[in-house]
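Take a look at the following structure, please.
We just call them A, B, C, D, E, F, G, H, I and J in the order they show up, numbering each chain from 1.
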């Protein structure tokens, strides 16, 4: 048994029982972004949260234990994503990456936006010309240390 | 002469004359995100905007013409970015990519967030534990067409 | 169980029962291009369509549910396709790609042809020197947003 | 001197003299798709056509000779194109490639669509929901030889 | 079940029953080059030929059906072949590729040798200094279409 | 100065003086296949032959010396060739590679066809359905040594 | 002019004037690890430090300005380093990477060692069996944020 | 059965029985760094140590034998690691690699730090601004041999 | 069943029965280098030798037949080997490859060292500073054929 | 100026003045293998040796200084060498790599053959069937350290 098998079981159960990620998130009292990532094997949960997930997706005790372990992260099967929905974000980095770098350095000096002390928020923005996907990224600025 | 040479000239002039991207953006009346991308050779400008850029960065008429042509986009020299500031965004896609896909489909159905009808906004979010980089992405949702 | 297994089951049943894609398309009232892509795991179907597919290819209820989920797209096992029939289209992009880009920009300005709001039509064009494959691609033009 | 340098000179002259590909095509009496590909170093021209191109783009006699030589084809700098306008066509092959293969085989039997005995036609299709890019591909069907 | 499994079954049966490809070719009345490629999953056979193959290699009816379907071609597991017998041919292209291109263009003008309307003949050429492998490739010349 | 620069000079002179490879081959008394490969920097020549080449292509003494040195071989700029004329040969290996291996082993036992003790012959084969490119490969069979 | 050219000039001057990195570090009052990285174009310096570097390596004012700009980081020309001295560190990650991950998680919980709030110290450790290279890495532990 | 399966069994048992690597290390009387690497299939153990591991993780005799065999090393599934905790070390080599090389050569002359006669020590360094991960690498310096 | 499965069975039996490669080699009367390569699926054996191997490693008759077939060679799972013991040889080619080429050409003229008519001998060379691995490679020189 | 330019100058001078590597080696009193590697930019020389090289190849003082610096090693332009003379050694690792690993471990236990404390000797071995290239590799065995 490995983590991937648990992810596949969760997805399969989600489809056959028609469960919504937002429902799972409410049950755990966490954001839907974090919970979805955890269910897909990218984030760990604590014991209590894992038990809740187990009850929703009919997991065994051993499967539940796996949910509490820091996973081997990385959800892309290839270096460049092939799925169009995911690829568009890679394209944004490809087109806007150097601009983002310039603007972060202009505003904050040398450093990076943390991908660890980080949160994300995906919402629907109604718009008469067609609704928009609104994604808010928030990460702590980490300056390079001089020594 | 090619577009890359103009980008290098702009960067060099920016460093020696200590120009801010936000100043350039104000002069053109566009967002700093779009203007920076344009100066780095990822977006075209119209004739009037190009002339303003030319006056800021001392471009010749021929160089100015290049700014109005749709560029060959792609600002990453390698498939996976090596600069840490840019890499962190690639890491976010790698870790959160499948979660983002799931949540967009749960909210909107099958489709993508446009990377063309798209805008971005980078701001500093003051925070007692260290200021945060705040990036807002807004793209039109495009549903797959059935036929 | 995963989507790939369902695709393999559909193909196997198609071979042993000698089913035509055009027959499947007529049964669903959709184009044969869309239906074939859906059966190969590249497009989702609605509940009603999935049930029709299930009856043609003897799918179980759980397998039928999978057909309604937006799939992880990407039908090429390698970055550059090795099958000659598919490779020829990659070759066309390699040889004609920059010309297509130039002509789209000359006609429409900066932007792209959508691969989402998109349809395709494959027909046989009789010709005394040997019949021709005729493929019509139609995608909405999406101009880059300035902001 | 090599072919790439001639391509760059043509593009630069096109920008500074604001020449349209459709104008070049009319002057030569060929389709704009073929002429653009030839100017970008993907197709050769005969002597007479090369001289016309030379007069439009101010080429020397030696540069003109290069236009008549079968070029080393391939206009993508990377295996997977990074420019969004070109990438969308790669995405189409990635998503629809296996469906296209199935439908060509269903209609014609085993074989390929030629990328050599081939023509392409790019037109604007007016549409109240936003104009569409219409691309027609026509290639001779080549059946595999049994021996 | 998929085509690869049938290929593996054929190879295994060939080894345990010590069957020669030349015997299989004679039985079918086709060249040994075509028949071997077909048995290895690179070429389809018609119904009658497939039945003969089935009787030689003890295939079931369902397995026999697979032999008549145009396969997904590509027999190299990596982009550059690692087996020395196959690699030598890749080396020939790497060393002689540009010379072959020059000579085809000098003799025929711009175009390619077809890999579809194509046959191959492998024979042993006795030689006092050690016998030689003699491979004859014959493909229709396809000129690029001007339009 | 390096070998690549000499290759480029030879090609350029060939174009501007309209020299045929077959003429160069006759002058040297070697096959056109070997001579073309040598001029493209894939084979060395002896002193006498190099001097003849120099007189045809106006090379300096230093450039002539380079022609006699065993070159760094490899004429493909990418692992998989992008030019269609060269690619077709790569495709043949991809589709027929394992069949060739099987048939060489069936005829000769374990070993390879040499790519060093090797010659090649490209001829035009007239054919009412369109002339054919005929390529004859002849390489010494080298059996694996047991020890 | 770009950053790489300044790095090359610094290295060349270092060789011809036989300057030690430890001397440069003392002059600036920073660690030799940070200063070397800065001179090789991986870290920026402030104005005062850049002027000191300029006086050591004879840089012009424009070259000095470049030293203060956050650089595009990444000192490996290939994804896997080919130089043996650098490769050994890549090998350590390849062999010990998963063990390091396990032990960081066992000690700290889920998170990473920062590569930004980070310092390094390289020293010689005398040893009768041959001196040892001693490298001390110290990075802030960053726990994943739950939200 | 292969080594990977034993690694997976050890990890699974570790999770379900909640075993600490530091406990395993104490039991064997080796460092936790070495023991963790051994359990993850990167280092062999002697018979006695293997038996102790077997008793902790409930291994069969055959599985225990595997632990004593020098393994095929390499714990990264891709050339560039995707897990953020491991990636940070790859980033350090990418950013600091050439500086490390320079400083080793300045201190020791030409040569490398051994990755074989090597040990590592991971400790927690308490710090009011957030605890730090402290990693000490110690490898024998190996000078290149002149001959 | 395929050749890889037989290799895995041989390795597993070797570990559980503690068989030495040198013992296997003596039994067959071949060098240990050849025999090890054959057992790992890189060289074929004749019928008699295969039967001896089968008796040592408890192979079935069908498994024994596989040992006599020329295998698909290539024992590296990745283009660049990750195991340090094997990698060191790749490093030698990377560092010394061009020097080896120069020296072979200086001694023999243009050509290669055969990897087919080739033998290898690995011995231990006692040395007071630590024993040395001594590897002797012997391959027939093959001159390029002129034609 | 960088090291590569010096390598190119040495090769060019070698060709125009017809210098032998063995002559250079005798002048320096080192093996021809080491000296060739040093001239090709893979090994450093001491001051005295560098001056001798400079007198043979007409180097300036600054170029001579470069010869004494530990170089960035790696003489292969691509991950897999394309030149047949060098490729054959890569093929040997690909075919024999796992056998070499097995035999080193059987003779010495877990560890590697050093590529640093290493020497090589290339000689011609007369043989009535065609002379053989004889290459002797000698590297110190380095056992993995347990700690």
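Of note:
We adopt the following convention: a contact is a pair of C-beta atoms (placed from the backbone, for glycine too) under 8 Å apart; a residue touches a chain by one contact, two chains touch by 3 or more.
Here the structure is a predicted model, which is why all the values come from computation and not from measurement.
The minimum number of touch steps linking chain D to chain E comes to 1.
Shared contact partners of chain E and chain F, listed by label: C, D, I, J. The angle of the rotation carrying chain G onto chain J, fitted on C-alpha atoms and rounded to the nearest 5, is 70°.
A count of contacting C-beta pairs for G-H and for F-J identifies G-H as the more extensively joined pair.
Centre-to-centre separation between chain B and chain I, using Cα means, comes to 53 Å.
Taking the mean of the C-alpha atoms as each chain's centre, chain E and chain H sit 47 Å apart.
Mean C-alpha position of chain A lies 29 Å from that of chain C. Shown for chain G are the residues in touch with two or more other chains, namely 33, 70, 72-74, 76, 79-80, 82-85, 91, 94-95, 101, 105, 111-112, 114-116, 118, 142. A complete list of chain pairs in contact reads A-B, A-C, A-D, A-G, A-H, B-C, B-D, B-G, B-H, C-D, C-E, C-F, D-E, D-F, E-F, E-I, E-J, F-I, F-J, G-H, G-I, G-J, H-I, H-J, I-J. Chain B makes touch with chain C in their complex at residues 30-31, 33-34, 43-44, 69-70, 72, 101, 105, 109-112, 114, 116-119, 142-147.
Every residue of chain J that touches chain E in the complex is listed here, in rising order: 80, 82, 84, 87, 91, 94-95.
Looking at the complex, you find that chain F touches chain J at residues 1-2, 62, 65-66, 69-70, 72-74, 76, 79, 115-116. Within the complex formed with chain F, the residues of chain E that make contact are 20-22, 32-33, 36-37, 40, 42, 73-76, 79-81, 83-86, 88-108, 111-115, 118, 120, 122, 124-125, 127, 129-142.
Chain G contributes residues 8, 12, 15-16, 78, 80, 82-85 to its touches with chain J in the complex.
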